[in-house]
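Next come two complexes, and both contain chain A; in the first it sits with chain B, in the second with chain C.
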Partner chain A sequence: MIEIAATGPLNTIQDLGRPGYRNVGVTGCGAMDPLALTIGNILVGNAPEAAGIEVQTFPFRLRFSERSAFAVTGADCRAKLDGVDLPPWWAAEAEAGQVLELFPPLKDARTYFSLAGGVDVAPVMGSRSTSLRGGFGGLDGRVLAAGDRLETGAATPLFLPKDGYGVVPPSIALKDVFSSADGGALVIRALPAGEHDLFGADAERFWTQPWKISARSDRTGYRLSGDPIHPIETVEMRSHGVVPGVVQVPPAGEPIVQMSDANTAGGYPKIAGVIEADLWRLGQARIGSLLRFVPATHGEAKAVEKALAAYVEDVRRTARLVAGALAAFA
Partner chain B sequence: MAKRDRATGGEAIGDFSDPVLISTLTGWLEASGARELEITTADGRALKIVLAAGRPVAKLSEAAPEQPAGGPEAHAVKAPLAGIFQDRHPAAAGPLAEEGLSLTAGALAGFVEVGPVLLPVRAREAGVVIEVRARAGDLVGYGDTILLTEAAR
Partner chain C sequence: MSVLQTAAFPSPSAVVPDTDGLAKISAIGTRAFLVEAPGAFDLPNQRRIWALSHALEARGEIAEIVPGMTNLLVILKETPDGPEGITHLLQEEWRRAQGVDLAGREIEIAVTYGGEHASDLPALCDLSGLSDREVVRIHHEGTYRVFALGSAPGFGYLHGLDPRIHMPRKTVPSLNMVRGCVTIGGMQTGVAVLTGPNGWNSIGFAELQMFDPLAAAPAVMAPGDTVRFRPERIEL
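And now, the complex of A and B:
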C-alpha cells in the first residue's frame, strides 16, 4: 500500500486506457504518455495493463507502507527517495516508511509512477484509468488527494538490481526517429484528414506555422493558438467519431488536438490526424510551448511505430537479461 | 582499455558459423553468470547462444583481484556488469565523478549501459576521487575498476 502525502490538482490513476466503448460514448482515457507508463511497468516486472499514477502537477509526495519496487518515468521531475536523488527513468526498491518526492520538471509535462503489482483499484469496463468527466474508474472517478491510500496488486517475483536501474530515455535512444525541436517547436507528424482540402490555401499555413499550446489545454485536448485558418466554404457536418490525435478546426480557426480523454464524437472539420506513435511526445508537451505539424505518410507512421515497438521490446528483453545476470552474481 | 566504436564493433566478430568462435563465446557466457547471449551486427547477421536449462551457471562472488594503484587506502569503484561505461546520465550535462570530487557512500559515480538499460556504478565507501580509469564509451567488464577513491583525511 502507498499513501499520498501531498499532491497538486489533476493527478490521477491511469493505465493504457479503456478501448472498445467509444461507440457508446465512453472516452478511452489512459496515460497521456503511454510509452513512459509502459517502460515503468516493465522495469518493475508488471504486466503492460498495470495501472500507475500520472503526475502532471507538482510537488507530489507519497509514502510506502511496505517494501516495494517502484519506477519513475516520463518527465524528469528530480525525484528523491528519502532525500536521495534518483536518476530520471529509474526503478528502485523502497523500504516501508520511505517517502518519494517528485518536483516540478524543467522540461516535459508528465511523470509516471509505477509500482510492482500496480495500483489496485477496481477495473471499470476493463480499465483502471480515471475518467474525470465520467466520474468513474481510478479512485472513485476523481483526482488524487493527500491522505488517499492506494492498494497494491500482487507483484510478480522479480530480481531488482539492489542499486536500482534505469533506461536510456526514449527521446535520446530514439533521437533519430523522433527528431527534436525545429527552431524551438516540437515537430509532430500528422496525416491529412477528411476535410483537409476544404481549407484550400489555409491548409498550407496549418503545416508551416508554429502553433502554441494554449492555457486552455488538458487531457481532453490541446487548444492551439496561432494565425487562424478557415475553410473556403462553410459546411454543415454531421457529428462523427473522434479519436485521440484528431486535429479539428472550430469556426474561430484555431485547431484543437484531441488527447487521451478525447471527446467520442464531434462535428468540426478535421484537418489532420497526429500519428499514434507521436502522441506520447504531444502528451509531454507543455502549455505555452510551440509545435509544428509535418505531413507524414502511412508508411512513415508505420516505420515510427515499429521503431518504438523495437525500443520497448529491447528494454523488456535486456532488463530481463541484466536482472538474470545480476541475480547470478548476487 | 581500448575504445570500441559500437557502430562498427560487430564487424570484428567475424564469421558467426565458426565453431571456435561459438565455443569461445559459450565459455565466456558460462563464466559470466548470464544464461543468454545475443549478438546482432549492423548488416543484420545474428547469433544467439542460450545455455541449457539446469546447466550450472557460474556464481561469481568477487571479480578477479585487481591491484589498485592508488596505495593501500585506495578504494576501487567497480563495474556491476559488463557494458559500456558512461560518466553521466544520458540526459545530464556533466560527469558524475571527477578527480578531486568527494563521493558519499552509495553515491552514483557513473553508469554501465547494456543496450537501452542503465546500471548504476556506485561508490561503496565515502571518499575523494583520486583517479578515474574508465572513459565514457569504454567497454568495461564485470568488476573492472572504474575509478579509485581515498578516504578524506
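And now, the complex of A and C:
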C-alpha cells in the first residue's frame, strides 16, 4: 500500500485507457504519455495494463507502507527517495516508511509513478483509468488527495540492482525519430483530415505557422493560439465520433487538439489528425510552449510506430536480462 | 414472344441497392476513418449506417465502430500502410449496405417541462413564434429514434424533432447545465447526462439516470430505440 502525503490538483490514477466504449459515449482516458507509463511498468515487472499515477501538478509526495519496487518515468521531476536524488527514468526499491518526493519538472509536463503490482483500484469497463468527466474509474472517479491510501496489486518477484536501474529516455534514444524544429517548437506529425481542403489558403498557414499551447489546455484538449484560420465556407457538420489527436477548428479559428479525456463525438470542422506515435510527445508539451504541425502519411506514421515499438522491446528485453542475471546471483 | 417474356422480369438495376452517391471517407489520425453518408440527415440514411456498422462488426482488423449522425467512425487495430485498402473496403460495404431497422426498445421519459431548468424555453418561443404551451406540446407529442450515442456517457442523439422547434446550438455554451435537462440542439433533442458546459437549449428536466458505469449494459439507450417524452408536470 502507498499513502499520498501531498499532491497538487488534477493528479489521477491512469492506465493505458478504456477503449471500446466510444459507441456509448465513454471517453478512452488513459495516460497522456502512454510511452512513459509503459516503460515504468516494464521496469517494475508489471503487465502493460497495470495502473500508475499520472502527476501533472507538483510537488507530489507519497509514503510506502511496505517494501516495494517502483519507477518514476516521463517528465524529469528531480525525484528524491528519503531526500536522496533519483535519476530520471529510474526504477528502485523503497522500504516501508520511505517517502518519495516529486518536484516541478524544468521541462516536459507529466511524470508517471509505477509500482510493482500496479495501483489496485477496481477496474470499471475494463480499465482503472480515472474518468473525471464521467466521475468513475480510478479512485472513485476523482483526483487524488492527501491522505488517500492506495492498494497495490500482486507483484511478481523482482530482482533490482542495489541502487536501482534506469533507461535512456525516449527523447534521447529516439532523437532522430522525434526531432525539434528550429527555434525549439515541437514538431508534431499529422494527417490532413476531412475538412482540410475547406480551409483553402488558411490550410497552408495551419502547417507553416507555429502554434502556442494556451493556458486553457488540459487532459481533455489543447487550445492553440496563433493567427486564426477559417474555412472558406461555413458547413453544418453532423456529430461524429472522434479520437485523441483530432485537430478541430471552432468558429473563432484557433485549433483544438483533443487529448486523452477527449469528448467521444465532435462537430467542428477538422483540419488534421495527429499521428498516434506522436501523441505521447504532445502529452508532455507544456502550456505556453510552441508546436508546429508537419504533414505525414500513413507509411511515415507506421515507420515511427516501428521505431517506438523497437525501443519498448529493447527496454523489455534488457529489463528481463537484468532481472534474470540478478535472480541467478541471488 | 420471347421478348415480351423477358420484359416481364424486373431489370437487374431495379434490385441493386440505392447507390445515389459515394460515401465521403476521410482519415482522423492514423487508425481512424470516418465514413459520412451522402444525402439527408434522415432515418433512411441512418438505417444504412446501422447496416454498415453491422456488416463491419465481424471484421478482425477493426477495433472499434462508433456510429454517429449519418456517419460511422471505424478505428482499426493497426495503422495501415496506406488509406487505399480500407477506403476501398468501406466504400464497397457502404455501397452494399441496405437499410436495416434496428429492433430497439421503447423508452418513455417523464419530463417536467418548464420550471427552473427550462432556461432556454423563452428564447425558443421567441425564435419559433410559438407559445410555451405549443412548444411543449410539439416536443412531447413527437416520436423519436436514438440515432447514435456519444459526446458523454450514455447520451443519445434523438432524431425526429418537429422542424417548428428546431433551435441552433448556442455560440456560448451554458457553463453549468445540470444532468437531466431536456435539450434541443439544432434538429436534434436529447437528455443531458452530465452536469457541466452544454451548448444545447434546455426546455425541461427528466429524472431518469441514463448511464451506470457498473451495469452490464451501462447505457440505458441504444441506437434504434424509440423514445417518447411524457409530460409529468408542466410549469409555465
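Brief remarks on what is shown
We adopt the following convention: the second predicted complex is superposed on the first by the 324 of 330 C-alpha atoms of A that agree within 3 Å, B and C clash if a C-alpha of one lies under 4 Å from a C-alpha of the other, contacts with A are read in each partner's own complex, and residues count from 1 in each chain.
By definition in this document, contacts are C-beta pairs under 8 Å (C-beta built on N, C-alpha and C of every residue); 3 or more make two chains touch, one makes a residue touch a chain.
Please read these numbers as outputs of a predicted model, since none were measured by experiment.
Number of chain A residues touched is higher for C, counting chain B against chain C.
Once the two complexes are overlaid on the shared chain, A:315 sits against chain B while remaining clear of chain C. Contacts of A:270 after superposition: chain C is touched, whereas chain B is not reached. Of the two partner chains placed by the overlay, only chain C lies in contact with A:251; chain B stays clear of it. Put simply, chain A touches chain C in their complex at residues 19-27, 124-125, 131, 133-134, 136-137, 190-194, 236, 238-246, 251, 263-265, 270, 273-277, 297-299, 301-302, 305.
Those residues of chain A lying in contact with chain B across their complex are 76, 84-85, 87-88, 161, 163-169, 172-173, 311, 314-315, 318-319, 321-322, 324-326, 328-329. Every residue of chain B that touches chain A in the complex is listed here, in rising order: 32-36, 57-61, 80-81, 89-91, 106, 108, 113-120, 122, 142. Only residues 24, 26-32, 34, 36, 41, 63-73, 75, 79-83, 148-155, 157, 171, 186, 193-194, 196, 211, 213-214, 218-219 of chain C touch chain A when the two sit together in their complex.
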